[in-house]
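Paired with chain B in one complex and with chain C in the other, chain A is shared by the two complexes that follow.
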Partner chain A sequence: MTTTRRSVLAGAAFAASFALSPAFAQAPTEIELFFPVPVDGQLARDMATMIKEFNETHPAIKATPVYTGSYDETLIKTRAAMKAGKPPAAAIMSANFLLDLKIEGEIQKLDDLVKADGKSNDEFMGQFFPALYGNAVIDRSVYGVPFHNSTPLLYINAEHFKEAGLDPENPPKTWEEFAEAAKKLTKREGDRVTRWGVMAPSNYDTGGWLLQALTYSNGGRWFNLDYAGEVYYDAPSTLGALTFWSDLVTKQKAHPPGVQAGGAVSAAFLSGQTSMMLQSTGSLTYIRSNAKFPYKVAFVPKNVRNQVPIGGASLVIPTGVEEARKKAAWTLITWMTAPEKSGWWSRATGYFAPNMKAYDLPDMKAFMAKNPDAQVAVDQLAFAKPWFATYKTVPVRKAIEDELQAVLSGKKSPKEALVAAQKTADEVMRPYVEQTALKLPTN
Partner chain B sequence: MSVANREISPRLGYGATLAIAALWMVPFIWMLVAAFNPESMGAGMASLVPRYIPTLANFAEAWSSADFPRYTLNTMIISFGILAVQLVTVTLAGYVFARIEFPGRTLCFYLFLLQLMLAPVVLMVPNLVMVAKLGLYDTLLGVMAPYFASAFGTFLMRQAFKVIPRELEDAALIDGANVWQRIGFIYLPLAKPSLIAFSIVSVTAHWNEFLWPLMVINSPDLRPLTVGLATFTRGAEGAQAWGVIAAGTLMVSAPLLIAFALFQRAFVNSFVSSGIK
Partner chain C sequence: MADAVLVTGMATQWRVAKWRPRRTTLLAFAMLSPSLLFLALFTYWPVVEVAWQALHNQQKIGGPQVYVGLDNFLKLFGDAAFRKALANNLVYAFGTVVPSLVLALGFAMALAKSNRVNTLLRALFFLPVLIPLVAAASIFLFLFLPNVGLLDYHLAKLALSGPNWLGDPDVALYSIMGLTIWKNAGYYMLFFLAGLQAVPADAYEAAILDGAGPWQRLRYITLPYLKPTIGFVLVIGLLNVVTQVDHVFVLTKGGPSDSTNLLLFYVYQQAVESYDAGRAAAGTLVMLALLLAITASSLRTLERSFGEREA
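Moving on, here comes the complex of A and B:
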């Protein structure tokens, strides 16, 4: 084939038209968002609706929502996808996985993206509740953007309270009152319990979180906020918390023995099989729309002080996401966490809106006026501290959850359990500790 | 059989079988009862005896929660696609290990069997890396590919072929049958029970698989049933709406349950003659 001048010219013209044509410039950047469904199925559909709206308003980007199971499974899938060279452009990650992901170099710093928007890190994080910083900002860099967050709450059945001679307007504030109320609310027919005073989920993920909440309320620290290789499982404050939970089962006999799953606890509360429950704010909307009786929510009762950990999830960008997709992911992330969407998602789920400005919007104001229970969750934020996060968060968390379950099933004493949990956790974190705190000059 | 007769009375054995069958039935009965319960949660849900006016509301809600027709199609493509390829590979591999002499055959066979010892979870990341390299990430073929060869199936077919008298093959050989004809006309018909038994195990396993498809698939359109079901049954912070979960689970497992009920006799016979229980 001979190359004529004409064909060269035609080729150049074709190339030029290709480069300049608007269709080419706007070929949408394809990104995917990995999301777990910690709540009911309706929300998987809500998520699809939200992403559809994003795609309609951002023609230059095509985002696909990818359902990825539980929080733990989302972590597994994201890690596997990264190893296979297919990192998702963005993922919703359990807020306490961020530290571990950062240590392993699996998520990106978002500082340059924040800067490109003309903000400092402090200005950017300033839009969110301060309790959320600890799990999103690591070594002064932003690694995650809070998307939906929770704290544990005490839910009470107001009818049962009245019936037992308790005042539903004054839910228990201290462990003393809590145990007393739980005992009074428990109903028996002979040896058979027909109604429990209180239930708290002890399944993986939630169990460790609630035990942390009780430890916090008992003056404890649970983990070293500034160093990823230390947890305080075998400590007096933790022992008090675990013993209190175990006593509710064995002493007050007001809490069912054995492992309780989160969803089953909510179902038991809704059907009147338990009068109180400790549960996430993430369940609030579900309880509100399904409870056929008056209920109230309150702070988690305290022994030493009011303090709870935050829960929920943040948006992250994995390592290896290249520039164009990273920018598109950032557009999606900032859109999803802006006041309007933050408020909308909060009303749909019960999670509080991490973005404080969401509460200034008229829709949200009307909603809060109508639902004072949602306000309790926001008020408790003044007493909220970061969620437990360490090197290898999941196995370190499971170390204590396995022991918690053994205690609630009556197989171990609280002290034995905590010694064992501490030992397992220390072993899991040892490689990190040896590379950091115990890496000393040899000469 | 005579051993069983001598050691425990047949009546006792029969009773035990019935008891185990009843125990095995409990979750299925509960699922059926719960699926039609209008309450969906609460104390009444624990009952095995229906005490309500049946409703289809749970099915309607489960049906609208996920794109079931598409997910069913995906699951069928995955399960039967894997099976189709496996039937070819395990037959050929089984024949080679059973009948063809070559140096290192035993070693090769044991290496092959070693695969059975590996927990599938360990292979997840390496498999995913390979699938991505082959350009099969986020495709149904990517979900199927790692299962195209089956150590279990190969073992099963080798055992089945080994007990077929060699004289039959020799006779076919004298009649001029080539290797394909010998496999197709002699070995396969005689190993049918093993093939059917393997097919059931394979289809059931892949029908129920959750974690691997979750790893490979991103596109909502390519989700299998298990992943679709999980989107509304595994929410940790909602309550467990048992009725909807039961309805969804029933819809997901129904095709296999119906197939088993229809072909029950053939299946059971195949298990008996293949020696799998």
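Moving on, here comes the complex of A and C:
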């Protein structure tokens, strides 16, 4: 509805600008930016502030921020707007949707715009953390510009650590130490658990991301970075990761059974119902402003190596945005992702700034000195790799999340779960595989 | 036979009074035209589009929609997730409509007499109806929160630990059903309160004189008189269980492992998450057929029970 009304308004404004064109020969190029707010309402106001500043400094362009709900809803609304022939000039998209959008031909290559600025793709992407390339550059072409990003982190309650005789300055680094600490931190009254050692969200979206993090930490690859039709669900590294998570529930009995939703996990951590949690860096600001106890953050513990996937969102230009608006959108995008704005947005939201140069600015240095936990998140970036993205990312991800949830509820063994997940995922990706890797000469 | 006679009768009447009915018909259509226009634009035309989409799908990735015949339907029924959603919806329908109906009837009978206390209680039972389903689901999110939620908080005082209300595949659907019953019982109560007004007091008096106990009065007087109301509430209830999934969206997104996935949410997933417009349209048509069947059969029962009372 909002989209329709807005398009009507935009249409009216467009018509009006024609009528008035003799008077205002230099009417500003009107562009819309679709943006999601994955966390809370404050971000919507921050975005309005940012765009207002852009409009004041760029009189030739009039950008309008359009709040479009969550990441998923932003995707829906962008697609709806495109179908109606009124695509927004730019949109902030969940970074792992870019591959899907590219395959369906719904977003544009930005190479010519990069070139017009006198840069090569490598030079342009070079300003961002290398971990972010994989979800923005597809087939050597730039399709998205990283805007705000995250990684999973280990959060610990320092008070509980002391109480259990553990050193809060030394959070668990390996799975061995992790499981040991989780066991020690769990408290029971008879059969009833009054405090869990660890919790990790296993709801749709987050569950797959965290299992990917554990698989990465176990030396795995999870998906084929270079080909959209392959995932490695039924693989030893994934089996180890899923079994580890499942063992925390059944063996160490330090993690509650069944599915835990992301919000419930943060709430449990804040109320002292769990001593540790695996959660996004995106929750850092929320935890920082609400925790009534000393907490620490650390890298996700490893079994084989330190490695986590990124999360977050990129700026894209949908297909069908024509020359003047496309250029205006590019001006907005490069302005929003330059070091200064990147850092400002990072401090306002808790996401890290994708632009590495943002961390050289004095404002950012002062902020990092005051909040050493934010520094841990940035340090872990050195060990970060791309987020899971395939043909039809969401159903392929759901294939393993359904199985993860069955395992955590004690309905399936990890091995049979992974075999089933692999089968479902292969089925979803089959059309793509048949039209690409298995499309062979017929004679 | 009777129908045929009726039709011929009308036809002759039509021919005799040549101009009058046409003018009234015109007037009727003129007065209906605003709603007909909007119905056509926002209901009938979309139905036509959905029907078209159900027979088309993308063959080539990123390519145009092409005619695929009944392929979408075959894939739909071949999808285990769809069958699961269908089964869940049956459990959900039976498990919410029957208890809400019984509760609503109980509330209505208990609060049928108008006095100040009853008015207050009626308002209290009706309160959940005023809360939008999304808001209600958000409230229940906190009730169901493991360990810290209201339910677990009180259970902990009794040294009990509740199940993982929304995270256990064996429990989650029932938790959601609890919310639905809580939300709808008060609404249905309203219809029963109205229905009870139509039960003549002398019927009860006669029954009491004949020595009928409370159970017999319910069985032989109240329920027969309430038949049309029950039929009506049944339709509303069944339509609700198919068309309302806001709480599934807020609470579980169909999880864990599809255990709370309902038909409409499945269609949403196909359209939005899988980006499979063809299968989503096929699912929509199946739902539409189901809704039409429910409505048609229930309305017929409804009319029959009205007829019984007339006779």
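Observations, loosely collected:
Operating definition for what follows: the second predicted complex is superposed on the first by the 418 of 443 C-alpha atoms of A that agree within 3 Å, B and C clash if a C-alpha of one lies under 4 Å from a C-alpha of the other, contacts with A are read in each partner's own complex, and residues count from 1 in each chain.
Rule of thumb we're sticking to: a contact is a pair of C-beta atoms (placed from the backbone, for glycine too) under 8 Å apart; a residue touches a chain by one contact, two chains touch by 3 or more.
The structure displayed is predicted, hence computed values, not measured ones.
When both complexes are superposed on chain A, chain B and chain C end up clashing with one another. In the superposed model, A:403 lies in contact with chain C only, and not with chain B. Once chain A of one complex is fitted onto chain A of the other, the partner contacts of A:256 are limited to chain C, with no touch recorded for chain B. Of the two partner chains, chain C is the only one that A:105 touches; chain B does not reach it. When the shared chain is aligned, chain B and chain C each come close enough to touch A:264. Once the two complexes are overlaid on the shared chain, A:43 sits against chain B while remaining clear of chain C.
When the two complexes are overlaid on their common chain A, residue A:87 makes contact with neither chain B nor chain C.
In the superposed model, A:240 makes contact with neither chain B nor chain C. Of the two partner chains, neither chain B nor chain C is touched by A:220. In the superposition on chain A, A:72 contacts chain C only, with no contact to chain B. Once both structures are placed on chain A, chain A residues 76, 203, 261, 263-264, 267, 271, 273 are touched by chain B and, in the other complex, by chain C.
Interface residues of chain A, counted against chain C in their complex, comprise 72, 75-76, 100, 103-105, 189-193, 196, 202-204, 256-261, 263-264, 267-268, 271, 273, 391-392, 394-395, 398, 401-403, 405-406, 408-409, 411, 428, 431-432, 435.
Those residues of chain C whose C-beta lies close enough to touch chain A in the complex are 60-62, 141, 145-148, 156, 159-161, 163-164, 166-170, 253-258, 269, 272-275. The part of chain A that touches chain B in the complex is made up of residues 32, 37-45, 48, 64-70, 73, 76-77, 79-81, 83-86, 88, 150, 203, 205-206, 261-264, 266-267, 269-273, 279-280, 282-283, 286-287, 290, 350. Within the complex formed with chain A, the residues of chain B that make contact are 41-43, 45, 65-66, 124-125, 128-129, 131-133, 137-138, 210-211, 214-215, 218-220, 223, 227, 230-242.
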